[in-house]
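Same chain, two partners: subunit A is paired with subunit B first, then with subunit C.
Take a look at the complex of A and B:
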């Protein structure tokens, strides 16, 4: 976590991540240009600027598809979670590629008009009531504006200013941007292609994104609906302490409210909200580092006894009471409010 | 994600998936129609066909 404004808080992991991203983009663009020249008959071969603008557009679409796959894949398997840590770097890069694509389109197709290229782009084809010949460029422009807003607000500064809920709601616009991009490509580039490869790639990419989101959304909804049953007095059964690895948690779902992460720190049992204050990361999938619950997404930390981030940070999550009865942990479904620490339950046989 | 965000995702994506599928199928149909019309069009006398 950051205290004070820094453009990028570089770590060795972020440097490796961004280097891999840069190499991936360069390889993609190079491979697209080479394939475009090698597999197109000389008579149909596009001009270099046309090939370049398509390469940037294809790279932006591929990266946006990857960005949208990371979230649900990380819910399905923790192997994908490291890709999530700096996903915003992918988003900013995607906007840069889309902007390069739009810039070359404006330059090549509208730069020689008497009109402003932007006006020319929006006004030169007014067939908005027709599917065939629809001005697909306008769809790409709206998607580009959404990507701009997201790239511009991707820094934690805006997360703090807007609050995590508003920030997340704003960034969910990316799904609509993706839909616009798919239609933009299908009504644009695909219509002029003789090969079916373009349509197949777009269909597989968009189909995969939709499939994993629908599957993961349904799975999470089922889990919320099948809440861990609370007794009349509000206590939920968690399980025996030895079923929770040291420094790790078991996540329980109360009938109402947020999921609760029940951590075992040696012999001590703590319970805190499963929702990180930063971007809603699943705290229960993190671990205890230096005595603090550490979010698996971006490393935000909370003391398990009071839910507060260590000074100088000021974030706070809810904490819950726990008890151990007949070798089984129970957690109360209602959060504890107040400034006092919530003492942990201590497992039987622990040295006290 | 909190409970409200999970619910929003779970409701949004089935709708978005249907819209994507409809748009994808529709644009393929349009393309098929245009390609068929181009094949069936009489050859241009100027082109010497």
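Take a look at the complex of A and C:
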């Protein structure tokens, strides 16, 4: 937001979130170490440092899977939206885990060769004779570089400098990183002495990520196909007020232009652009807090009557005219950017 | 990968990051306000936090700085 920059805009919620994240990571690493020791026969038990570097890699992969699941899950059900708020801390943590993994790999598998360890990392597997063939480490390296760029540009400063579109494009690289990591793990695990169970777990994770993305895509396509129902003279049919929960919205798609979020705040019906100015979050999946439409992604707020963020913020989105006819809400598809408020439509007989 | 190619990859990467560090340092000292007007009163901790990004994206940062410079000169 356009005001003084801080390290992190801390809130009690974010502190609890980060504490849970930290605990989760510690428990994961611990469980991995215990399982690694318990399920290998004493003879070919890996050294502690090998176990540790694998644990860090596995934790980074698990966290990346979680990160990619949260977005679409939150769109399928609002129950998951709290997980979204602080997702960038997950990303930075994931990079930290991956860096620890790669650092230990460099140290252990390549640090003792005559070659420079960095050169050795790309050129050979001197201490890892069981892995031959494709240099899966290079894939990990590219993924790590992508994670680095994303972690390094996660602060809101970068959102402002790059602009929302470029920032978004940059952070879409996460899908490339994920793909590279999946291949990295599969090749590494398959070429190594890992069990088929391990490859299956990785495959299920990646499959889940693909599945929720397809589900959400299909849902959005269906919503868009409904778009122009009864789009007469620019007025779009929304539906009866009592089908919208109090403080929530229904999203409609005009034939042209951005989607529109139609909110019900008690008896008042407001319509506002569905696209958050911050990073394009779906405002219509948020709720009304303190009289303001609040974005589900990072909590930017907009007054529903004029689309402006409350002072001292200066963001602004379009609003839309509404009317109610025979107990049905209509919204006009043309955005309003005027200086005057767009008055809400008021439902007859306060709906519940 | 042959050792020779591996060396070249690391050399390119290292060179890129070295230039990036230089650009990041100069930007943090002199160019921050030009890059993002809201950044004038940025605490040191936040400056350090964005330094890695400046290093990684230095071509873009330079382009931004030059572009904005050009606009100012025209005025």
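Convention: the second predicted complex is superposed on the first by the 322 of 352 C-alpha atoms of A that agree within 3 Å, B and C clash if a C-alpha of one lies under 4 Å from a C-alpha of the other, contacts with A are read in each partner's own complex, and residues count from 1 in each chain.
One rule holds for everything that comes next: a contact is a pair of C-beta atoms (placed from the backbone, for glycine too) under 8 Å apart; a residue touches a chain by one contact, two chains touch by 3 or more.
On a predicted model such as this, the values are computed, not experimentally measured, just so you know.
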Checklist entry - Given the touch rule stated above, what does A:217 touch, subunit B (first), subunit C (second), both, or neither? => result first
Next on the checklist: Under the stated touch criterion, which partner chain does A:182 make contact with: subunit B (first), subunit C (second), both, or neither?
Outcome noted: first
Checklist entry - So, A:258: does it touch subunit B (first), subunit C (second), both, or neither? => result first
Checklist outcome for this item: Winner on subunit A touched-residue count between subunit B and subunit C: chain B
Item to check | subunit B and subunit C footprints on subunit A, overlapping residues | outcome: none
Item to check | Contact footprint of subunit A on subunit C as seen in their complex | outcome: 1-3, 5-7, 9-10, 35-36, 38-39, 41-43, 45-46, 49-50, 52-53, 55-57, 60, 64
Item to check | subunit B contact footprint on subunit A (complex, rising order) | outcome: 131-132, 165, 168, 172, 175-176, 179, 182-183, 186-187, 190-191, 199, 202-203, 206-207, 210-211, 213-214, 216-218, 220-221, 224, 257-259, 275, 280
Checklist outcome for this item: Given the complex, residues on subunit B that touch subunit A span 1-14, 16-17, 19-21, 23-24, 26-28, 30-31, 33-34
Checklist entry - Quick one: in the complex, what on subunit A touches subunit C? => result 2-7, 115-116, 118-123, 135, 138, 148-149, 151-153, 155, 157-158, 160-162
